[in-house]
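Paired with chain B in one complex and with chain C in the other, chain A is shared by the two complexes that follow.
This part shows the complex of A and B:
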């Protein structure tokens, strides 16, 4: 009978260990603890609370360490990301960034992280990719996905299996460099036919703010078409360009290089945002663990004092029974 | 349309502009002296795993780990 009660106790304490909500499961599980104390099985309940406190303290240490690791990685990669912004800015000045262009074949490149515990940035990227696809699904338009990173793969495989073209993972095994991203861009260019490439990533504004952004890179044929219709691209002819015989050849080189540069910046910015989001997620989780620890300490003291009081009552009532 | 103009040799060989510029960059990196050379060559390492999907089914992933490793 006592063993069954203990087992029940153990199970009720195991479930809140897995769940994320500390408040409600606590209140409901301490009532039986006090009942147990009154029944005389005291040491077990304080033991359980002590175990719980120990595991929460360990979790707090781990999340604090993860936060510091993410902060140091962020510092290393932040200057590189800010410097890489200068790579695509001339391209946008020359060729423009027109997300509202109307093309038949859209390819959506979603950039996410491989590792988790980084807050909600990957879900926002996937949400935007899905939204882009819905936006660009007209009568003869089609959109395909190119996925970078495990997190987007896990989410998009569930409902958009037929629209996935290419999945790339294990990108961050070596520190990010231009050569790697350009080989990747080359692979994408060779394997996927596209009229417009829309790259979805999280732009790094500051340590606490990450803006989901879309960068659009057009294929050379579409650039020529848009150039004829005027606007920014129409001024392309007024530039004197060296290095190519025909305009279409120059445009092809330019768009390939533009894609590679934009991808490089996007991958770096996303990596920064990932580290920043992981920092803030681990910070809030250590703070939650600290709160939980405070509540557990209070409960532990209450339980301990209740058991001491019970013992005193037993002793005193025993003594008065002997006397009287 | 571009049959009159001479396509550059690398485009005729099937390379994209990106591959061409990467090869040129590799050549420049190899012109450096030590210790800058080994530092620069570590900036060239490539590793990722790409898997092409056809009709909603993934094919076997190919791991590209080259340029500096081989």
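This part shows the complex of A and C:
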């Protein structure tokens, strides 16, 4: 009962008093003017901390949901990507892969995603494309870009605008299938002159590991040229061409088929990598939000206790002042 | 069309170049090194990208004529599925020049395929697939790669719908006006006729 009386007395004195600001590591992040102006002396910054906690919790929920969505999309597309892996193996077995080939017209096909929040895979692809361009920039060499996906477009339009031939976006609006990719490949082959096509994508190795890869497809003329110079392609001449047409026509069909097969696999692998990268990005984001929430909870409790202590101090000092 | 691998194959890989051509490499992994070196020079801070060579599955190496495998290793791949490294006795592919039989020790060849039936003979099993065009590579080490845009087992094809579509495409062919439409309708008719004959076998 005495305490209650003291408390009542204390309240009359507390209002004009400005409480000692408790030592609080989060203090600096809150605007000091805000606290004092807003809500009265006692619950100075608990309200602000509570607001922050609520928004961080919401963000955590959103990122967790995005991770689940990405996981389910990954499951759906992973089996298809793995099934398509056998498609380009025979071509590499026959024609080899020669990224160091020296040709005049290089076309760099960069495959990226349309949506963001997927970690650093798109930036890696763009950096590699730029690197390939630098690698193949000789006196009579030129390199052009064919861009698949919004993210590469945003990055490459800034500094290489005049080297971009084609931009294709919204690839994943409908589920990926070979017909769509082969039409796309046909489009690219028709509109772009090339001696070598270098496809840059992220190969899906596992849910946490994506390897930037580049596959090289040569045009039929270059294949013939390299076949004559020997090496891996030199064995090409020993293969009997059974097509009923001339060797160059068959070679042309072959390289076009190779391009569409490699593109199909590349697009699927990149989609898998995108979902996997998004999963891990959202996972680390929700973990981070959880950490922030823990820290904020501690800060909240500390602030709350500090304000209670302050209140008690006011009461007691007021009471002892009265006693004299 | 059964031919034996020629011994001339080996002599081709020893090319006596007068000056070093930067592309000619004697072995497959070597081609990557030039690329790696050039990359490291130009972009030292970024790891070089991987190339398909790093992911290719191992294949039996080219062997001489005297040492012919007893079974054919066949890889049937399509964008949606693959059967790899099946050891079989014989494969019959529908090449554009007609049905072609492939036995172990067949000469190296690249052939275009037209829509038709692919038959795989394994001991006494006969498995039939319908493939809608593609390519077949036969290597000298008795490995055959068959790449098809679509490969379906014959059992899964529905005869009634084949007939309906055939009628439909024949109509389209007769009413086609532009070359493109004619070509498309012709392709449809070809595939469906082949399907029809495959089903009736």
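Everything below uses one rule, namely that the second predicted complex is superposed on the first by the 283 of 324 C-alpha atoms of A that agree within 3 Å, B and C clash if a C-alpha of one lies under 4 Å from a C-alpha of the other, contacts with A are read in each partner's own complex, and residues count from 1 in each chain.
In the analysis below, a residue touches a chain if its C-beta (ideal position, glycine included) is under 8 Å from a C-beta of that chain, and two chains touch if they have at least 3 such contacts.
These numbers come from a predicted model, not from an experiment.
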### Message
Applying the document's definition of touch, where does A:183 land relative to chain B and chain C: first, second, both, or neither?
### Response
first
### Query
Which partner does A:84 contact after superposing on A: first (chain B), second (chain C), both, neither?
second
### Query
Does chain B (first) or chain C (second) touch A:173, or do both, or does neither?
first
### Message
Let me test your reading of the model: by the given contact rule, A:253 touches which partner, first (chain B), second (chain C), both or neither?
### Response
both
### Message
Per the contact definition in the header, classify A:239: touching chain B only (first), chain C only (second), both, or neither.
### Response
second
### Message
In the overlaid three-chain picture, which partner chain does A:305 touch, first (chain B) or second (chain C), both, or neither?
### Response
neither
### Query
Is A:51 contacted by the first partner chain B, the second partner chain C, both or neither?
neither
### Winner by number of chain A residues touched, once chain B and chain C are compared
C
### Query
Between chain B (first) and chain C (second), which does A:212 come into contact with in this model arrangement: first, second, both, or neither?
second
#### Entry: Shared chain A contacts, counted only where both chain B and chain C touch the same residue
177-178, 182, 245, 253, 257
### Query
If you look only at chain A, which of its residues touch chain B in the complex?
161-162, 164-171, 173-174, 177-180, 182-187, 189-191, 245-246, 248-249, 252-253, 256-257, 259-260
### Message
Per the contact definition, I'd like the list of chain B residues that touch chain A in the complex.
### Response
1-2, 5-8, 11, 16-19, 21-22, 25, 43-53, 55-56, 58, 61, 63-64, 66-68
### Residues of chain A that touch chain C when the two form their complex
80, 83-94, 96-102, 127-128, 131, 134-135, 177-178, 182, 200, 203, 211-216, 226, 229-232, 234-235, 237-245, 250, 253-254, 257, 261-262, 264
### Message
Residue numbers of chain C touching chain A in their complex, please.
### Response
6, 8-9, 12-13, 15, 17, 21-26, 28, 31-32, 34-35, 38-39, 42-43, 46-47, 49-53, 55-57, 59, 62, 75, 77-82, 84, 95-97, 100, 107-112, 134-135, 137, 139-140, 143, 145, 147, 149
